[in-house]
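Given below, in the form of structure tokens, are the structures.
In what comes next, chain A is part of two complexes: it sits with chain B in the first one and with chain C in the second one.
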Partner chain A sequence: MGTTFTKIASVSVGVLGASSIDFSSIPSTYTDLCVKISARDLAASGSLYVCVNGTTQTNQTMRRLEGSGSAASSDSQSSIFFPIDGSSQTSNTFANTEIYIPNYAGSTNKSMSIDNVTENNATQAFADLIAALWSQTTAINRLNFQCNSSFVQYSTATLYGVSKS
Partner chain B sequence: MADTKIVVDCSTGEVSEIELTAEEVAQRTADANAYADQKAAENADKATKAADKAALLERLGITAEEATLLLG
Partner chain C sequence: MASTYEPIATQTLGSAQATVTFSSISGTYTDLVLVATAASASGEPTISFQLNGDTGTNYSRTLLIGNGTTGTSERASSSTQGRISNSTGLTTTLGANATIAQFMNYSNSTTYKTVLARSNTTLYATEAIVNLWRNTAAITSIALFTNSGVNFAAGSIFTLYGIKAA
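Let's turn to the complex of A and B:
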């Protein structure tokens, strides 16, 4: 089966920073969605929150496997979020994330696979594998990403539509 | 802290930088506080478990390595 990634939109945060990045009016013409994010939070401890079809974290759950550099853990959460680099991490380093959303325009609950790593020149750096669920059957037409403070300059997010044939 | 958001209209490709509404600022603050509370609770839980483990090992008179050997 052939798979084609088509760039729908891409954002690079400017010098003023941005408290959120919002992809709206996402077309329903693809099979899956994939978002690739390189981000750093102005807050000391960075985190990135995923909101679907709005700006609140409702109807969300996730299971997470996480390595911190010194320990491995797993947990469940009632919202979709994960750590990204913040000001307490090495300067000018960014977390890297891929969010894959299969069948985003279908009429069943929407699952997400999230693969995330932070970068830090120290013992503590996080690696997360997340299985997330947005328990709504409506098609996804908007993805909103927030952080604790604001995304710093050069943070980027690129949304791809994935077609299979 | 920037009080703006970047909005991309995927149907047109137009990128806008928009000031946050008061509700959005409040929501962001609430999310950040909830996350901080959750991390604090996680850290407290980890500290409690570590203290319980240390206390148990001391009561048993064995080291963590010896406990691993026993359970292995």
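Let's turn to the complex of A and C:
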């Protein structure tokens, strides 16, 4: 039986930084997609924004459960985003994220399971559990990730395809 | 490179169905991962499970739930079912829920079994659930059903993967 957790593409940000991380022309030959991201924003307060089949955030919703180190909270948003490390956080720390998208090439709306943590040697760091939805029935063929400023060097993202056969 | 993440079986429901069962699960893997994109025929039920046909009060669970307003935690013990998606987990809309569950060290015959799950329905909540099955037997079958007894909707997809440590 063949390997079913297959690397489709990987990005490692170089010394000049990157305004976005883009996975385009994603084939529809897998069952699910999984993206693993280690990222840091040049901005003081970092955020990562998920764009599907383009570079804008449309037809998105999410519900989030977040722990900050001192409290747990929950909110709803009309776009998919979450905190990542920025320049205000401890140097050389990166947020780590897994985004799992089942049935990404199917004909129903696309739900996502997102787990995210930031790192910081201080009282505040975030852990996020996110239910996200892209309310479109077309197959996902592009995932574009943006941040508040630019992704710093050594930020990485790897896209995997998971196949049920 | 050796294959360490292998599909065991997938079930795509051609019609509404009350129970989805993965049986005769081989003990050759280290962990199991179940991925579900399911909907209900009516209401907003759970995705519940029983292992090896055990209907006894041998299941317990702790939940973290974010409903978009508050974060809460729930606990159930001596239950007759585990859950990988809690109440209001499913909707009648296909594609509205993504659930991923991990059956840890499922094939050993020494320890009780832990099942970690993440269920995501933007209409209602995001959930993290840890289940315990108080039984040392290797898991050889997983039966999935809803707590209210309603069917899973046609088009629901359940896929079971096996993960090998080496």
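Some observations on this one:
Basically, the second predicted complex is superposed on the first by the 161 of 165 C-alpha atoms of A that agree within 3 Å, B and C clash if a C-alpha of one lies under 4 Å from a C-alpha of the other, contacts with A are read in each partner's own complex, and residues count from 1 in each chain.
In this text, contacts are C-beta pairs under 8 Å (C-beta built on N, C-alpha and C of every residue); 3 or more make two chains touch, one makes a residue touch a chain.
These numbers were taken from a predicted model, which means no experiment stands behind them.
With chain A as the common reference for superposition, the partners chain B and chain C occupy compatible, non-clashing space. Looking at the shared chain after the overlay, A:Ala9 reaches chain B, while chain C stays out of its contact range.
By the touch criterion defined above, A:Thr55 reaches chain B but does not reach chain C.
In the superposed model, chain B and chain C sit 110 degrees apart as seen from the Cα centre of chain A, a figure rounded to the nearest 10.
Once the two complexes are laid over each other on the shared chain, residue contacts for A:Leu159 go to chain B alone; chain C is not touched. Legend: residue contacts after superposition of the two complexes on their common chain; A:Ala122 is shown touching neither chain B nor chain C. In the superposed model, A:Leu42 lies in contact with chain B only, and not with chain C.
In the superposition on chain A, A:Asn148 contacts chain B only, with no contact to chain C. Contact with chain B, but none with chain C, is seen for A:Gly17 once the two complexes are overlaid on the shared chain. Following the chain A superposition, chain B and chain C show a smallest Cα-Cα distance of 12 angstrom. Taken together, the two complexes place residues 75 of chain A in contact with chain B and also with chain C. Those residues of chain B that touch chain A in the shared complex are 1-13, 15, 17, 20, 24, 27-28, 31-32, 34-35, 38-39, 42. The part of chain A that touches chain C in the complex is made up of residues 1-5, 31-32, 61-67, 72-76, 100-103, 106, 108-115, 129-133, 137, 162-165.
Looking at the complex, you find that chain A touches chain B at residues 8-9, 11, 13-14, 16-27, 42-43, 45, 47, 49, 55-57, 75, 77, 79, 81, 146, 148-150, 159.
On the side of chain C, the complex with chain A involves touching residues 1, 3-7, 10, 35-37, 64-71, 93-100, 118-122, 124-128, 155, 157, 159, 161.
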